[in-house]
Amino acid sequence: MSDAPPKVVRVEVDGRPVEADSRDNLIEAARRIGVHIPYFCYHPRLSIAGQCRMCLVETSDAPGRLVPGCQVRVKEGLKVVTTSPAVKENQRGCMEFHLVNHPVDCAICDQSGECKLQDYYMEYDHQPTRIRTYKLNKPKREIFGPLVVYDAERCIMCTRCVRFMDEIAKEPQLAVVSRGTYSLIATFPGEPLDSKYSGNTVDICPVGALLNRDFRFQSRVWFLNKSPSVCTGCANGCNVYVESRGTVAYRELPRRNEEVNQVWMCDEGRLTHHPVNDNRVEWARQGRGDAAETIGPRLAVERAVELLKPLAGKGGIGIYISAQSTLEEAGAALLLGKELGAERYFLGGKPSGDSDDFLIRADKNPNARGVKLAAEAFGVRIEERPPEGVKALFAMRTDGLSDAVAQRLELFVAAAQNEDEATRAADIALPCMSVYEQEGSLVNWYGRLQRVWPSVPAQRGDAAPGWLWAERILVGLGFTHEVKSASAAFQLVAERSADLSELTLERIPEQGVVLPRLLPSEWPKRAPRPPAPPPPHAPGATPPGMKVGDEASGGSR
Amino acid sequence: MAQALIDLLRERHPDAIVSTPGHRGDEVAVVRRERLVEVCRFLKEDPRADLKLLAQIAAVDLLTYATEATGGAALASIEVPAYDLEHKRPVEPRYHVAYNLGSVTKKHRLRLRVELRSDDMKVPTVTGIWRTADWWERYVYDMFGVEFVGHPNLTRIMMYPEFQGFPLRKDYPVRKRQPLVPELDFPDLVRGPGPGPGGAGVPMSQTHVGRANVDPDAYD
Amino acid sequence: MTEQAAHEHDPLALESELPSSPMTVNLGPSHPAMHGTLRLVVTLDGETIVEAIPEIGFLHRGFSKSSENSTWTQVLPYTDRLNYVSPYLNNVAYVMGVEKLIGLQVPERAEYIRVLTGELSRITDHLTCIGAIGLELGAFTVFLYAIEARELLWDRIAELSGARVTVSWMRVGGCANDLPPGWGEKLLECLPRVVELTNEIDVLLTRNRIFVDRTRDIGVIGADEALDWGFTGPCLRACGVNYDVRKAHPYSVYPRMDFEVPLGSRGDTYDRYVLRLEEIRQSHRIILQCLEQMPPGPIIVDDWRYALPPKKDVFSSIEGVMAHFKLIMEGIQVPPGEIYVYCEGANGELGFHIVSNGKGKPYAIQVRAPGFPILSALPRLIKGHAVADIIPIFDSINMIGGEVEQ
Amino acid sequence: MSRLPILKPEGNVPESPHLPPEDSMPVLLTRTDEALGFFERKLSGALGWARANSIFQYPFVTACCGMEYMSAMAGRYDIARFGAEFPRFTPRQADLLMIVGTINVKQSPVLKRVYEQMTEPKWVMAFGVCASSGGFYDNYATVQGADRVIPVDVYVPGCPPRPEQVLDGLKILQEKIQTQRHQLHSVEKSQELVDDDKEKKKRFLGKWLKR
């Protein structure tokens, strides 16, 4: 594939001129002017299979013959017709053949509502089928791995999942077995599909063949409300959509962000909605261990103020901020510490886990850099050890705290999201909203500031954002800080920090902004990350060294 | 013969007509706001047009014309995810006011359309020409907040005077009630807990926002 | 004032007017004659009405807002609760609007069924209006006869579409189901009884001395002024203007029906009543012709983009279940556009202004209710008459709360 | 004589606003009924019978249910057979307020005033789904059920309900009136009697209640 610099090519689609990129295929060229050429097996970031034949169009180069739109590159002066009767007839025929053996599962299929077969059927083939035959039975609900379940009858053999595992996840665990109409996708006998990125195959599967076992039968997609957010699984800060209904968050889908995670996401990220749903601190309470009794949020804040007031200014107060909290919560906690004259500040979080060279970071806390940034903005030294040497402690989220630490403290006030041994040992436990329920911003390992929108709109018990609890305590102590919204909390940090000075919460761009000062000094010594695949306008450019066609998928065709 | 009507209108008031986007056999003329009264008087009195029957004055709010899919219920629920609310790209001109006219003798129909920006929503009244416009203009004012300059009694007709806001605008939630009499609050047993979509705020079948704020072509 | 002059001229004259100040009477929304949804604040000088201010909105149920949040098919139940006395006509008007947006051709038999059921609805509407006029002028037997006639028709309607009032029976592209077997014969059996009851009402009221005195030359309006107030339908034809949408802009299979359009002369309450009575007979003629010319064939268009597939296919074929799923969950994808559709409702020109943005829900929909402009002319009609005349005038314009206040 | 268990609703059954207050212990209440004087019960039954079979209704007609109301009043499904024939259009002379049709927010003050103007004993029938729960008009303009504004005795489902359903609702209301406790004196006085009741109950069952 020539690496000539991309130049502008003039093409005509349905009589309308288009300035396409020389690496575009016909589908991308048509998409530039809003003409939708249907496709199943083509994917902008995967190699070309040309298997589903849905995207056949007529071109001036090959008159009287239909050409696959995904494989053919644009050529200077090429004329493309996408609405001729032959193309329409082919689209209808394609749909009919795809649907011949398709099971009548729409009522119980999770993909119903976002399935491309349904959408294309209504647009291109809205008639009963002409093929009178029995449907072929294939294995259904085969467990492939921890996250993926496969239904061979629904599969239309577009091999997107196979190509994804070969090219992007680089662990070829899926392949097409058997031939002809009996072919289906399978893993190596005895080996599960246990790659860390197996969840992405569920997203790119155009039908309901590959399903997410965690989300299966949980909710219908048209009841879900989708809002953009950032994954809290690790420090990589992959952009996601969190889908929720009422008070429950159901699943995370990757959101396109070229620099951070293109359109992919790891499997742990897809399970980060469980801490939002279960084992939550829901009601503000007072008293340690089993002496705890639920009191209203206002009462809890008054109790906390009573306990903190005598210690204010006399030292012996520590502020613990977990790296799971957003920048706003960190700022509010630091402000509370400054007002209370706290001596020691501690940073903690979930223990670090494994990492790899693509999307997974060792540091399992989304906002470690953000809390450090806030600490520098407030000019305080923040220690990364479990808190000790302080009598009273205010904890913004108790992720890294152990029970022993909490027992040694005289006074322990905690704004916590999930129940753990630290919250059981807290004098005052204030329910804190999760990152998916509040507005805020996070800084990922690379120093990219990214914005988070609330996705689970329903109020969960007394839950409130962490910065709101800190603000209530400040007001109780008599300080007048107007922190009435997330952007006001963001301003707390932005005023004091150099590189956030000209930013406000609303002005953070959707793709996030990289803070130059925070760039890692040297590139991590691990294997270099794969070059980001070419932007979507160049589908033809398969990653270097990747063979195209038969060899790519093990010569199974 | 309605096409003749358009030509008649063009040659008598060439500068008043902006465009004539006819659709499915309906003749439409987009009229400049300042020339509306003049054009209406001409259409009513001219024997060739003779449009004596003002059937209806209707209005459309084009805020979500491009983005609203079937599941646009996120807009309808009271607790809208902040992302959706914030990312409503302003659409200008936002309001269309449509005057559906008809002739009893000549048996033809015409629709005049006035396009309004959201910051200045004033339209000259036509109550001087057709007396039936009085109530229709009050209806459009009540539902959309379009002010008809010179209307004798421009007050709310459907809603009660204490009602805040204009209900048929696309950013007014479906279920935002402003009760006049203190109401007992019953738990909404049908729709389940929480005000979010699917919760008490929005009926079960109308909440799929899925594709509303996702760019389907980017990476599916 | 003439009376004042009479007083000075002949101080002992007993008829001279006692000085009195105007009194305002509030016919509140909850009043038997006000159909429960209109508030009329009337200023009286003695018995004659000096000024009247109507206030509506007591039955505004948010038709437009609810319809904009339901799919195209889910809007149907909302439409037949607009003019709930003639539900079929609303359904037909709305569905014709959607078909006009799509550019859909409805099969022959469905057109005939629509005209047949539309005329049935027109008869029930006029019967209810005449029954109300009779009831509120004291003729309770007329009310009972009218309601009995209507019950006979409602039995046929219930057999056809399952409900008596809120039928929601039309579909985009045709109607919900075919005529049940033997339904035509049963209808032919009960129609003579309905006509007989109508003639009985005619005998009771039309040349009844009290009725004529109460309604002749009451609420008179000229043809031009009526048109200026937006009158259409029986109220406009009572002033002698020959304008019926079925004749002026023929739609559906009305050109094949031969029927006359009765016209009034003086534009008063009596003419409006007689007109409605005559229209019942015309509708009866149309129904008979429909039943004769009804061709066999499909009753709904066979295009699965707009009409639901038959249940046999939905449960057996993937194409059927997918079409059914998409049509129900995301609605019919009606091509984008803006249209105004109008047809002859029972009280006048019933129109829908519909805007579609190409998705499964109507983007904007507003009703042109025939009763809305006529009601706005009520103060003009009742000025100068006695308080007792409010009732016959208000009944003759047949204001239906549902359609006027949407 | 074995002691009757005091039945309490277990689990998190939501406390319905209409149930009598906690301390009245429904099971014991009927016992108190039995404790009523023999003549009082006979009088209450007679009064109940009289009031049940001669209901004067105030038809608060607004919307499409009015058509079915007409059918229920007219010849075929005649409501007169149940004694409720005579509609009274003034709240002063009506016993039963029939809310026929949708109540929208602008109409709710009118409904409340008409209800308050009605004389005791009065009952309310929500005629049709819109009056019972707002029907499918779930938007800014409609009150979601008349029972959010005034207490309702009988809910008649249906949109619109068939006349037979209306008559069935009326029969249910008549049963309720028949079995209610009717006293001959005015409302204020009955409050003293209720206090006497409590006294009597305390003395009679005092020792059993101490737990």
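The chains carry the letters A, B, C and D, assigned in the order they are written, with residues numbered from 1 in each.
Quick note on the criterion: contacts are C-beta pairs under 8 Å (C-beta built on N, C-alpha and C of every residue); 3 or more make two chains touch, one makes a residue touch a chain.
Just so it is clear, the model here is predicted, and its values are computed rather than measured.
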Contact distance in steps, from chain A to chain D: 2
Chain whose Cα mean lies nearest the overall Cα mean: B
Inter-chain pair with the most contacting C-beta pairs: B-C
Chain located farthest away, centre of chain C as origin (C-alpha): A
Distance from the mean Cα position of chain D to that of chain C, given in whole angstrom: 36
For chain A paired with chain C, centre-to-centre distance based on mean C-alpha positions, whole Å: 55
Whole-Å separation of chain centres (CA-atom averages), chain B against chain C: 25
Averaged-CA centre spacing for the pair chain D and chain B, given as whole angstrom: 44
Multi-partner residues of chain D (each touching 2 or more other chains): 106, 138-141
Residues of chain C engaged with two or more neighbouring chains: 57, 60, 62, 65-66, 69, 329
Two or more partner chains touched - positions in chain A: 113, 222
Chain C-facing residues of chain A, complex: 99, 102-104, 106-107, 112-113, 117-119, 121-122, 125-129, 222
Parts of chain B lying in touch with chain D, wherever the complex brings them together: 158-160, 167, 172-181, 183-187, 203
Contact set on chain C toward chain B in their complex: 56-57, 60, 62, 64-66, 69-71, 100-101, 103, 224, 227-230, 232, 241, 243, 248-249, 329-331, 337-340, 342, 349, 351, 353, 355, 357, 359-361, 363-364, 366, 368, 372-373, 375-377, 405-406
Touching residues (chain side chain D, partner chain B) in the complex: 14, 17, 105-106, 108-109, 112, 138-141, 143-145, 147-149
In the complex, chain C residues that touch chain D: 28-32, 35-37, 57-62, 65-66, 69, 77-78, 81, 84-85, 128, 131, 143-144, 147-148, 150-151, 154, 164-166, 401-402
